[in-house]
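Think of it as A, B, C, D and E in the order they're written, each chain with its own count starting at 1.
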Amino acid sequence: MITKFAFLIPLLPLFGFVMIVFFLRWKERLSAVFSIMTILAAWVMSVIVLIETLARHGEAYEAFYKFVDLPRFILEIGILIDPLTAVMLIVVTTVGACVEIYSVGYMHNDPRFSRFFAYLSLFLFSMLGLVVANNFFMIFIFWELVGLTSYLLIGFWFEKKSAADACKKAFITTRMGDLGFLVGLFMIAFYFGTFNYGGVFAKVGEGVIPAGIITAASIFVFCGAVGKSAQWPLHVWLPDAMEGPTPVSALIHAATMVAAGVYLVARSMSLFVGSAEASLVVAIIGLITSFMAASIGLVQNDIKRVLAYSTVSQLGYMIMALGLYGYDTAQHGHSPGFYAGTFHLYTHAFFKGLLFLGAGSVIHAVHTNDIQEMGGLVRKMKTTAITFMIASLSIAGIFPLAGFWSKDEIVAAASHHPIFLVGTLGIAFMTAFYMWRLCFLTFWGEPRDQHRYDHAHESPKNMTYPLVFLAVMSVIAGWVGLPWLHQGFASFVYHGEAYHPHANYLLMGISLIVGLSGIYLAYLMYYKKSISAEAMAERFRPIYKLLYNKYYFDEIYHAVLIRPVLAVADFMWTFDARVVDGLVNGTGWLTIKWSDIKLWFDTWIVDGAVNGSGWLVRQGANILRFLQTGSMQFYALFILVVLIVFGVFKLEATAVLVGWPFVSIIFVLGVTLLWLFTRSAFVRGRNGGQTKSEE
Amino acid sequence: MAVGDVGIVFWILSVAIIVSACMVVSLRNIFHCALALILCLFAVAGIFILLGAEFLAAAQVLIYVGAVAILMIFAIMLTSNLAAKKITQTNENALVGLLVCVFFTLVGWVLLKKTYEGIWSHLELARPLPSDNILTLGKYLMTQYALPFEVVSILLLAAMIGAIVLARKENA
Amino acid sequence: MEFKLPENDLTLMLPEIFLFIWALWVFTFDLLTRRKKESAVGYMAMAGLLITGGILAVTGGGCGFGTMFFNDATAIFFKMIFLGAAFMAIGSSFGITKQKIVNHRGEFFGLMLLSTVGMMFLSSSNELLSLYIGLELTTIPLFILAAFFKDDKLSVEAGIKYFVIGAFSSALLLYGLSFLYGLSGSTELVQLKINMAVINLHLEQIGLILVLAIVLVVAGIGFKLALPPFHQWAPDVYEGSPTPVAAFLSVGSKAAGLVAFAKIFVNGLFVFYGPEAAPADWGKLVGFVAVLAMVIGNVVAIRQSNIKRMLAYSSIAQAGYIMIGMVSMNEHGMASVAYYIFAYMFANMGAFAAVAIFEDKTGSCQIESYRGLSRTSPLLAISLALFLLSLAGIPPLAGFLAKYKVFAAAIAMATQNPSYNWLYWLVGVGLLTAVFSLFYYANVIKQMFFWSEDSPYRIRFSPPALAVILIGVVGILLFGIVPEPILKFAAEVYASFGIVPF
Amino acid sequence: MLAYLVLALVLFSIGLFGVLTRRNTIGILMSLELMFNAVNINFVVFNKFVATSALVGQMFAIFIVVVAAAEAVAGLAIVLLLYRNWQGIDTDNDSVMKW
Amino acid sequence: MLSSLVFVPLAGMILVMLIPKDKIQAIRWTSVIVSLVPMLVSFWITWDYFFNHSGTSAMAYVEGPYSWIPSLNIQYYLGVDGISVPMLFLTGLLSTVSLLASFNITNRVKEYFAFFLLLEAGMMGVFVALDFFLFYVFWEIMLVPMYFLIGVWGGPRKEYAAIKFFLYTLFGSIFMLVSILILYFTSEPHTLNMMALLDHGPTMGHTLQMICFIFFFIAFAIKVPVWPFHTWLPDAHVEAPTAVSVILAGVLLKMGTYAMLRINWPMFPQVLRELSFWIALLGVIAIIYGALVSMAQKDLKKLVAYSSVSHMGYCMMALGAFTSVGAIAGCMFQMVSHGLITGALFLLVGVIYDRAHTREIAAFGGLGAKIPVYTGIMVLFSMAALGLPGMSGFVAEFMIFVGAFSGLNKIMVGISVLGVVLGATYMLRMVQRVFLGEFNMAKWGGLTDINAREIIAVAPLAVLTIAIGVYPKPLADLMQATLEHLVNLMAR
């Protein structure tokens, strides 16, 4: 049984990574080939694993070993192969393989060609590891590792300042989400006593965990998904992440990594099912994200950014679906949400990957991201244009493409909740609109930048083949989930009990109409130009500006979060240097000053007494140095005075001399004053003649 | 206070001691001071006799008056110009020093009085000392106190050698 | 009344007698050779000290001359220290006898030996009179030695200052001793202790004049130990007097004062230690003095630019640490004092020797002039650094163990008896100021080591100087790492305070 | 007895005052002698009134006299040096070494 | 066996001092070869301990107790258990690595290497000593060579940094000395044997226990350094030469936490229970504060230095959660991992400093294009420092968090998690500003990539960082019996 060796699936790309970094780095061609070989091998294994899983009727396979083994503290690492995993493996390896092949063409002539493939392999390793993980701890490890590779790949062209900024932003923003995830993990560790999925879910099922804890833990875990899947309010990194090479955007920021959040929610569905509140939060966040991103997508001009917002929007869709499932199930209802979410995750990977690769192909041809500078490219690059439009149809939810089936299920899932239903349909409309706006502006009409148009050309074969393959998948991938199939996707990937979808023709019809109307509006505005886009923009100027500026999220974060943190950091640093360290140095300084006092006084009394103003005030502080006058008789006097003070105070201890301390204090004070007066008088008297400073 | 039994001689000597001592510390002419010191030392010798320490009195006269004071006069003559004595012979500590000393005396007086009342008045035996105390002292010096006696002679030797070394003028 | 010579086993006194005779021989030798032999006199003196040490080792302990001379462990231990200090002081004075003291080498060394004899007598005495005379025999040659650079104003000033303050404090001491005699009717320390206890018991009170006596005696001996507030002469005198003399003052004279202090207080006034003897309890008083010493010594030393003054303040501070051991009246107390002074001898004599060697070559005592010395004279720099680190109490040097013992003594006392909680404060102040002390010690080390430029001076060692430095280094290392023999001896020193002869 | 002791105390204090205030170094020396004498009186008094059995106090006093003489000798020698170096023996002169 | 760890470097120091000072190569290689001995011994001990002794909490390779200074009950007593073995390993490794990295020292080479070997002896001693006095002696012995190493070979403010380090840590040690003495005199019979004192438990009153605990804590906290005792650290780290920074960060800081685990925690369990919250709070403050201050740094080395404050804060938080084996193990992991990672970071900063003669972050930019290998390694360790999974830092932090979450105030731990993000922020800001962005060809055109010797020095650290991150079980197994024993002691 190959499934036993499923742990090799992630390890194969890792092997590729290691080989490239240490041995093949200097041989570009070989690096690429090796990397592709490993991912293809992984793909083959994934297919076999899928078949075996099907053969087992979805029964899970689990294997683990101990990672840390301490008394009362155990961490494990292991693999869990169940239908969800098997499907995700297929998705990741397929898109991965396509992207790698595509990249050979896209990245050629790049000085860091080998490194690109190394990073891709590393990413695939992490992503596959994330997918096969059998517990929360391990998923977190790979969760972070995909973050790392995302960081490396976004910053692949780090000479560009925007790329350098974007990679940092991506990493830190997702880490903010991971923060919550971490806390969720601690709660799981503490309240559930294990990280293992099975163990945790069993505890939830037993009902021994207080509901509040489950809610809190699920929301915290969901924070991770929010970060990774670029959900509101942590969505800001994903559009910026488009600074990376386009294949990266396709693979990581469209098909796989960003879907990890959805995967996480799906994976821990049993947890969410335990808490209606948490699920509702999930659904609401998904809806907000989806709607917000879609609306931003309406007005963007950067081809990749439109796709990025589309991605955010679609992810929000999935999240919403999952959340609704959890909510319904927690209320003992039935919902196709889980099926819808995972199914959409699966189909989305293909068409969104395709969209990005197509966009990459376009960018490769015209060397710009701005759709306002494109136009009419269909004549120059047929394959790209056709595949791109297939994907656009798919994402717009046009029958019978993959997107139609999955989106339809999401609509079905939302159908019990009016607000969600309206939102969902609105989003579907916007999606169709902005995707087709993109298509029309890019491929149809007249070239708006003749120079770029002249230089445009179809991409090489190793780039177009993956496009074609993915286009095919975008069409047929959804057919495994046809509502009329008896043993379809839903009866393979499910949560709880198997779900049997039934065709709701009304909903299908509505969603199809919504999609078509979106396309038609785009057609009117950007192809026929019967409705002026500019006029619309002018008319809804505030809304347009708001959308164009992405609801000002970046600005708000900058003002509310980043700048204060940096200011606090600077303040802390000053505080550290001045106050904390100042205290330490101050002690030393005081000691030295104290030690200085005497010298100070001596120079002062010789010179200053002549000037003679305000000297009494300074005396008090200067006692120590002041005593080392060099006069032996003064020393003797000093001895005597101290002696008497000692004596009197000792005696007072037994009250032999009642009231004498008072007397002696007065006495000592008086003596000191007298001493000062007479001394200064003498000093003044003899200061004329001799100079005896040997300092 | 057990003053009555000390007699008139004590008072005379005391007054002599205190007055001459005050002169020692206050006179301007250092030579006069030395003379007052001699007077004072004589008076102390008288006190010793009153206390039955005849040998000590003799030693006092011989050593102090005969040697130390004379030595000091020599030193004065060697070091200071007797004509130049216009400036005050006390330094800036004078007033303070006076206060301190008076205070010291007062505190000491109180303590002595209390101690006398508490302890010494109970112990005060006032038995006559051995009448042949010169003989006794001599015997002591040859027996129990032979060691300090020897050591003190080493001390004198050391002081002598040192004084010679220091006082000698080097022929450069 | 019976007169008889006390049991006088003169063989016990042999080291002292020999050293005295040898001192005379040194005087004579210098005259016989017409003051021509440059270093032979010095070697002679050193040889004499070595032989004395040998004799001391052979003679062993016992009663020599009643309470006037009693060779117990304390005496032997401290005699070792006196001899060692004198040996190292003489060893480091070959430079000045070559350059400055041309005419009176014999007297210089001889007086040092005589002072040593005085210390030895002092440490053997258990009676106030001989104690006093020993103290004077120690001090009077030192007056002379301090002023030994006869045409150097600083030196003469040091001499007169030391003399006046010394005589003054010895008058104070005597006045105090006279009251001790008056309260007990005896000058023998043990008898004194017993009489006072009996009288106190009998009359149910202490003589209040005892307070004045204690304060006076603390002042008188505090002067020898350079304990604040009786310390002010020390920096001036150390700075002015010839460096080896300053060294001898800082170790020999201090050890002598320590013995005197221990004999009078730890032995004679033992019963007045605790709080129940108030107001005559001297423990807290001395503790307070120790605090003053540590604070003033360490703080003021920080800003000294003259290394001799710096070492003077440092030695004031060290006296403070020693006094912590002194006021800890348990089995660790006196033992720690003994070990401390032993370790201190090596380190401080070594440091002064290094200073003297440097001064001979350069004529400067300014700390700045040590800059870059490690480049040109590594041996001197390293050994001086070691001495200073030992004084600062860095393990594994002997100075650390010394501080450890002292603090251990105090803490042992404090943990055993809650009424001595104030010892914690002593320990606290001691440790804190020990940290401060590192500042000025490290300053010298910094000057020597941290500069990469070469010092303009290149120091050559004369053989005796080298020997002194090596003795110092070996001493602080050896007795820091293998201290057991000395610690055993120090324990006997403690024991000897319990079995005082009658 | 007390009268003697107080006499000694007064004498001591006068000597003290002298030491503290005399400008002339020899004057200081003389004041020191006064202090030693006060101590001597103390010892002799105690010997007579407290510890009569042996003449320890007197003995002590004799030794003090001797030691004081020795001290005076050493001190005067230093005074001579002082005079040679400073052309005067006033205490004002010798405070070069301050801090 | 254990003695050789201490005495071989000592002998090596003497050997180095005997070599004429102009034979620079001989001095360098002699010291490296000498340091190989303790390194290999420590490796062997780790190996052998793992297989033969890790099952029990008893001390292994015990030497002694031999009477050293019998009159003070001071013994020569060495031994190791599961918490000292990793430290020995780290010390042995880092010493050799640092010596290798010290070859660029050209000024006063002989003294440098001699002091370095003395330092190694002291460090080894601290981790093997089982007698309080011996422990204290080793603890102090290190200060002196460290003072010289910073003061002679340091940067522009070396004197200040050196004396500050010296005084500050000495200030801490005196508190320890007081506590040691109190422990000694209150134990019955009086003993300085740590094991015996541990077995007895505290025999003094509550107030005295509190005082002892706090005094020990101050001593160790300064070494760690726990906020607010940390201010010596940036100065010392920044001014010290590269190799010394490595040792400072890699080993010296660990002494504080090691000593807490060995002495402070198990000896005063009652007080610990009362104070654990505050200790953890200090840790949390250090995490956040150190990270924030790091963020504001303009000097690479200072950034790494302050990141140490933050990272050691994790240790303190873990130590606050003393009831959890996981947290304590996390603390140990963090000690090891921080030693490796920060050591490597300092080495790397040294590498760039040797070439560019500046450490100012703003002066660089886009170096990734010019010196890719260096950049790769630096990014690797930056990632390790910010706690990326797959590397040791993550395992440590994760264990600490999980352990602390179960043992401490949940909200506090929740806040401390912010450190993860802040850590990422300052490390990535640094990476971005130094390595990413546009490359200034005119200014840094002559920069050369990391050379083989430097790679060799860093490589073992990288390998171990990843090895522990990927498979931490051996390290955990090595310690588990000891840790359980310790936790039981602390739970008394």
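By definition in this document, a contact is a pair of C-beta atoms (placed from the backbone, for glycine too) under 8 Å apart; a residue touches a chain by one contact, two chains touch by 3 or more.
Every value quoted in this text rests on a predicted model; they were computed, and no experiment measured them.
Engineer: Spelling it out: a chain qualifies if it touches chain C and also touches chain E; which chains qualify?
Structural biologist: Intersection of chain C and chain E contact lists gives A.
Engineer: Centre to centre, using CA atoms, which chain is the farthest one from chain C?
Structural biologist: Farthest by centroid: A.
Engineer: If you average the C-alpha positions per chain, which one ends up nearest the average over all of them?
Structural biologist: If one averages C-alpha positions chain by chain, the most central is E.
Engineer: Farthest chain from chain E, going by mean C-alpha coordinates, please.
Structural biologist: Measuring from the centre of chain E, the most distant chain centre belongs to B.
Engineer: Can you pull out the chain pair that has more C-beta pairs in contact than any other?
Structural biologist: Contact tally peaks for the chain pair B-D.
Engineer: Provide the C-alpha centroid distance between chain D and chain E, rounded to the nearest whole angstrom.
Structural biologist: Each chain reduced to its C-alpha mean, chain D and chain E end up 65 Å apart.
Engineer: Counting in whole Å, what is the centre-to-centre distance of chain C and chain D, each centre being its mean C-alpha position?
Structural biologist: Each chain's C-alpha centroid was found; their separation is 25 Å.
Engineer: Roughly how far is chain B from chain C, going centre to centre by Cα mean, in whole Å?
Structural biologist: One centre to the other, that is 30 Å.
Engineer: How many angstrom lie between the centres of chain B and chain D, each centre taken as the mean Cα position?
Structural biologist: Averaging C-alpha atoms per chain gives centres 7 Å apart.
Engineer: What are the residues of chain D that contact at least two other chains?
Structural biologist: Where chain D meets two or more other chains at a single residue, that happens at 12, 15-16, 19-22, 28-29, 45, 50, 54, 59, 63, 67, 70-71, 74, 77-79, 81, 91-92, 94, 96-97, 99.
Engineer: What positions in chain A touch 2 or more of the other chains?
Structural biologist: Residues 588, 598-599, 625, 628, 630, 632-634, 636-637, 640, 647, 651, 656 of chain A each touch two or more of the other chains.
Engineer: Hunt down the residues of chain B that sit against at least two other chains at once, touch-wise.
Structural biologist: In chain B, the residues touching two or more other chains are 91, 93-94, 96-97, 100, 104, 107-108, 111-112, 114, 120, 123, 130, 136, 140, 145, 148, 152, 155, 158-159, 162-163, 165-166.
Engineer: Check the chains against each other and report every pair that touches.
Structural biologist: A-B, A-C, A-D, A-E, B-C, B-D, C-D, C-E
Engineer: Under the touch definition given earlier, write down the residues of chain B that touch chain C in their complex.
Structural biologist: My answer: residues 107-108, 111-112, 114-115, 118-120, 122-123, 130, 136, 139-140, 142-148, 151-152, 154-155, 157-159, 161-163, 165-166, 170.
Engineer: So in the complex, which bits of chain E are touching chain C?
Structural biologist: Interface residues on chain E, with respect to chain C: 68-72, 107-108, 111, 133, 136-137, 140-141, 143-144, 147-148, 151-152, 158-159, 162-163, 166-167, 170-171, 174-175, 177-178, 181-182, 184-186, 204, 208.
Engineer: For the complex, which residues does chain B have touching chain A?
Structural biologist: These residues of chain B touch chain A: 91-97, 99-100, 103-104, 107, 110-111, 114.
Engineer: Spell out the residues on chain C that touch chain B in their complex, using ranges where they run on.
Structural biologist: Those in contact with chain B are residues 1, 3-6, 8, 20, 27, 65-66, 68-69, 103-104, 107, 110-111, 114-115, 117-118, 121, 129-130, 133-134, 136-137, 140-141, 143-144, 147-148, 150-151, 159, 182-183, 185, 199, 203, 205, 207-212.
Engineer: State the interface residues of chain D toward chain A in the complex, per the touch definition above.
Structural biologist: Residue list for chain D touching chain A: 16, 19-22, 28, 91-92, 94-99.
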